[in-house]
Amino acid sequence: MSAVQVTGVSKIFNQGTPKQVDALIDVNLTVEPGEFVSLIGPSGCGKSTLLRLIANLLEPTTGSVTVNSKSASQSRLDQDYGMAFQQAGLFDWRTVAKNIELPLELKGWDKDKRAARAQEMLELVKLPEFAELYPWQLSGGMQQRIAIARALAAHPPLLLMDEPFGALDEMTREYMQGELLRICAETSTTVVFVTHSIPEAVYLSNRVVVMSPRPGRITDLISVNLGAKRNEDTRAAADFFTGITAVREALRGTHADHANAGAVRGVEDR
Amino acid sequence: MSAVQVTGVSKIFNQGTPKQVDALIDVNLTVEPGEFVSLIGPSGCGKSTLLRLIANLLEPTTGSVTVNSKSASQSRLDQDYGMAFQQAGLFDWRTVAKNIELPLELKGWDKDKRAARAQEMLELVKLPEFAELYPWQLSGGMQQRIAIARALAAHPPLLLMDEPFGALDEMTREYMQGELLRICAETSTTVVFVTHSIPEAVYLSNRVVVMSPRPGRITDLISVNLGAKRNEDTRAAADFFTGITAVREALRGTHADHANAGAVRGVEDR
Amino acid sequence: GGSSSSTDTTAAAAATTDECVTPTPVKLQLQWFTQAQFAGYYAALENGYYTDMCLDVTILEGAVDITPQTVLANGEADFAISWVSKALASREGGANIVDIAQVFQRSGTLQVSFKDAGIATSADFKGKKIGNWGYGNEFEIFAALTKAGLDPAADVTLVQQQFDMSGLLAGDIDAAEAMTYNEYAQVLETMNPATGALYTADDLNVVSYEDEGVGMLQDAIWADGSRLADAEYNATAVKFVAASLMGWAFCRDDAQACTDIVVGKGSKLGATHQLWQMNEVNKLIWPAAAGVGMIDEAAWTRTVDLSQNAKNLEGGTVLTEAPDAEAYTNEFVTAAHALLTEKGIDINGASFAPIDVTLTEGGN
Amino acid sequence: MWSLSRIRRILPPLVFGVSFLLLWEGVVKGFDLKPYFLAAPSKIFEQFFKNFARIWEASSVSGTNALIGLIAGTVFGVVMSFALSRYRFLGELVTPLAIALNAIPSFVLVAVLNNMYSITSEIPRRIMVSLVVYFIVLVNVAKGLTQVQSTHVELMKSYAASDFAILRKVRVPNAVPYLFTALKIAAPVSVITSFVSEYFGGSQNGLGSRITSNIANSKNAAAWAYVLGACLLGLTFYAVSIVLESAASRGGAASKTNNNK
Amino acid sequence: MNRFARRAAYRTSMFVLSIVLVVALWEMYKVVGPQDGGKLFGAGVLPRSNDTAMPHVWTMLSRYGRPEVRGSDKRVWVVVLEGAWFSFRLSIVGFLLGSSIGVGLSILMSRFRIVERGLLPYLVVSQTVPLIALAPLVALWGGKLSIFGIEWPRWFSAAVLGAFLSFFPITVGTLRGLASAPAAAVELMESYAASWKQILLKLRFPSAIPYMIPAFKLGASGSVVGVVVAEISTGLKGGIGRLIIEYAREATADPAKVFTAVFGAAALGLTMAGVIAISDVYLMRNRPKETTS
């Protein structure tokens, strides 16, 4: 049984209008349980769209998506996955603990159980003493950790992340990558991870999915194997650099016309 | 004669108040003409402060700054340097060409001369046909190139850049790095460059200045030499990875307590 | 006039002698705030004349945007006090209301100016800035202008006055619209900076619209025409008119007592001002040759004529056609007079003599 | 060409408006409401066309007052906002006064002003309009002058630009969209204020006095015909402010404000 | 809390200072201004400085201490205070009514775009309909209508007109606030399979609050104006609006008196704004402080 199964999926926005966008064409992808898969590719290649299709926030135009052998919509209703975005997206008006409790509240958990779980998650992300603070009192990296805690609060088997570390500085980012790996290992969570950063994709993933735009499609699947016990030294290892070079090569093809590509923005809708 | 000379500089904000911040302590730095120097370090270590001191946007608490053997304030009045920031900071209400002309306008250049120079700069950044568009009609990478053109318009011998590519995606970023190197080589400009990205610092620089916070100071100066003709292959070269590893090692020390460092924001001013 | 006789009225009059079990609730809508202009009704209330007639009367004050005849037609009041021309305009607009007692027999509207403006008659209005109250209180001005052959839109500048007479006093307007019983007194209550004493009648020119022959009927009691077929309402109307007229008779005989009643009801105007007002209002009612409240056919016809012919600023007239015969009736007044005469009340006031009121600064 | 999206944008308000009028008409007819109580829309339109010349005349009187007040208020507002952006504490001084003035119905203030000037003068009404416009413009433009990107200011300083140059090249252009936002709010408000100012007295030539006198005379349909004129005048002012905005910012600024909204 | 106290003290002193400045300007003009107004560039732009048009500030203030009418022992300040209190209660009712309508409409409009498209233009137009045209209509409803057997009291007409002026800014502000929830946050809630109502309550409303507060401030002063106008036009007794018109009738002889009531209305507006400001502090206490660049 695979964690995520994307079969022959296309997504066309505004079909039949002059604004039609072929965001994804004939995408097939299987993610095994416990696997860490990154999606990488130039802007507009449909990474976020693919993630949203898996999350059932969008319906595919053709093809089908299953999560844990259930339909995507069923697994959304069952909260089979947690989600995190580039902006931590914490609610300013809720304390850190209450932010983590949000998905549990919506599941109808009772108060004590929620509080206990929130505390447990805070310990997982190593911020146990910050429960009663408000998000804006924390640094960006800490906010992102809270967002991960929230995504994992309901113990979903699957984590969907859209450039979660994009807003962090490189040092914090590398630290957070380590933390994410540790947490996912502890909870044996499957992860689908969108990123723009080649080192990040290589460091984190079992497999890197390389995508290309116009129309959005998968052009390469690159297996990386840096071993289960990745640490700071891994970043200096030859395997790491090999992986980076491989992904860069795969991306180069998708990027030929980059100089002024997609240059003039908004021209279509003026 | 050095391009930038920072001698025994300290910068203390809000001195003598409870909010006192020792942003920089006893910083010494010399940048040679034509050199490309990157400042790297964790958030809050004073990179931007140091850059602003060089630009004479701030006055040092102690010590002195000279640019091209003149006092920093004199060289600001003479527009001896150009500046660029993380946000391109173009003026929405001016066309691309008029944006580039802005520093020349303030220098009192006449119209024809300004227009000629703007066109020249647009050719330098390879966007000659975009003169009459407005900034918001361009993609992020193109906006950043216009910002560089603006910074270079007055042909300043020195370019000061504060995370200019921070807002770009990795692929565009790598492309822009190449462009910047090409332009600086063509104009033999000295550059002081603030970044959070280790590969960026290594790829671009002759020297990487590693800084550490509380109080802000320089902890390491790492020479990199990837040769004058850097290109895409350089990023797969062993020297590149060696440089990355060296900078990472140097940074590791500055980062020991990163987990919850600088964690609780805004606590002081509540 | 619409005096289609009915037997109901006499029956109603008889009914008043019956024992009062539950008083009939009655709401009366005034045109403006409590002041001596409405003293008769307050006196009837205070002296128990309404209660004696087995009526439980509530008096509703008016305001800027309260149109009493509309309130009446909507069934929120049982009777309303309104000027005839304004009420007839509403009647033309579909409000079924009937004038059942013409309390004020004469018009009390003046156009007041300082002597030096040289406005002795309405013909002198030409080229002048003429103040008026707006809100439908300006028809007599249009009538006077029309009579003098002047075009209100071209030959004079019409200016809406604020709530006081400062427009005239400051010299912004040449002549101000004033009621004998109110605004005229306000001028006489003001210090003349030139003399250090109050202004006197000698300082002023007064054009009286009644004297100019364009006086229009003013305060009248209006009833709901759609309910007049109802015997009970009919009876109530007779009793209400009778008690009200009794109130007015009381005020005629004791202006000071009536003033006190009005002041006691919370009027914010000063006491001497109220006394002046009471006295002037009495002059508009008494003496009443045909009996108080009787609608004089000639005056009615004149009012209707003027309403149909005097052109306003917009070139329109108050009425586009003559009102039907049902617009007024004297049968209630007649029945009321019978009741009052029975009680020995003088309904003519032939011997009425106004008192002398000395105004003080600010009317206090 | 009527594109689908254009139709989709225009249709709902059209359907809503027409059905509202039909319902109104239906209620008046169905319940046989008399004209003194509530006029039917058909009667109002009839009056509107019948009296069009007079409505036009009254509108031009009130409209002139509104326009003069709008211009004066805008000019004062802009000037004051320059002072305000320079001296922060001025803002703290002006705000409570603005709140207090806002709580007094405008015609009450006009009554006071009428005594200070002359009841026959149009000046009190124009002052009233300018006062209302002034605060709207002040608040918005001051915001536009102060809320500039810090990057822009630093950049200018790096060019050794004077405060005046920063004002001219950064703050003022940045405030332009804010000025138009203010104008869009102020334009219809100026019309309302202008004719409401006629409520308690003064020359009887504008929309406000026509509305009140017709209501007092139980000529409801005519009164609402003038109200209709007033609405149209307000909408015209609003439309003109939009046209001005797009004309003035054909380049960059317009799209930026749209994005920010 | 200390910070709030200091801020409040600062605001208050600025307010006092601004009043002092206005008073000083007023009195200074009385000294230098022409008694009967003056012309500048051919237009009569200089106001009259005489005591009828511009009474001395101390005359107005001392008027508060004198009886309302001779013979009465009720001082003007008592009457004005009572009137303000009466109107305040009406304004609160109008404000609450207006906010419920405003919030209700904005929920409806944010739920159904078609309602927004259809309704919003007319809401804008509705605000160009002068209150003076509506007041008589609404006044007529008093006594005419009864809802669920409860009579529509006269004072309620005034509150309704207050609501008419307050609902519009509240509708627009709330609508914008509800739409301000970041798309990512909405997506997050959808990923939790949250219902529309849950998204509204747990996300849209909390994120609308910074937009709603300024809107409610406008709505509050709108309701004061609406109530005062309604009192003037329907003659409702007891409120500050009625006082204004009653005192205005005496302006010829007692020009200072009407100012006492006008200031009462202004104070009323400030009080309403103050009430909202307090709730602002309370509701925003756990939010990040605004950072203005």
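In order of appearance the chains are A, B, C, D and E, and numbering begins at 1 in each one.
Just so it is clear, contacts are C-beta pairs under 8 Å (C-beta built on N, C-alpha and C of every residue); 3 or more make two chains touch, one makes a residue touch a chain.
As the structure is a computational prediction, the values presented were derived from the model and not from experiment.
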item: Chains in simultaneous contact with subunit C and subunit D; value: E
item: D-E or A-E, whichever has more C-beta pairs in contact; value: D-E
item: Label of the chain whose CA centroid is most distant from the centroid of subunit C; value: B
item: Centre-to-centre distance between subunit E and subunit B (centres being mean Cα positions), rounded to whole Å; value: 52
item: For subunit D paired with subunit E, centre-to-centre distance based on mean C-alpha positions, whole Å; value: 18
item: Computed distance of Cα centres, subunit D from subunit B, in Å; value: 48
item: Per-residue overlap in subunit B, given as positions that touch at least 2 other chains; value: 136, 266
item: Multi-chain contact sites of subunit D, meaning residues that touch two or more partners; value: 37, 111, 115, 118, 121, 149, 200, 212, 215, 255
item: Junction residues of subunit E, two or more chains touched; value: 48, 52-53, 132, 136, 140, 232, 248, 251, 255, 288
item: Complex interface listing, subunit A residues touching subunit E; value: 52, 55, 57, 76-79, 81-83, 85-87, 89, 91-95, 102-103, 105-107, 134, 136, 160
item: Subunit E to subunit A touching residues, read off their complex; value: 182, 184-185, 187-194, 198, 202-203, 206-207, 209, 286-288
item: Footprint of subunit C on subunit E - complex, ascending; value: 36, 48, 52-53, 68-71, 132, 135-136, 139-140, 142-144, 232-237, 242, 245-255
item: Contact footprint of subunit D on subunit E as seen in their complex; value: 10-11, 14-15, 17-18, 21-22, 37, 43-45, 47-48, 52-54, 114-115, 117-122, 124-125, 127-133, 136-137, 140, 221, 224-225, 228-229, 232, 241, 244, 248, 251, 255, 258-259, 262, 265-270, 272-273, 292-293
item: Subunit B partner contacts - residues on subunit D that touch it in the complex; value: 149, 151-152, 154-161, 165, 169-170, 173-174, 176, 249, 251-253, 255-256, 259
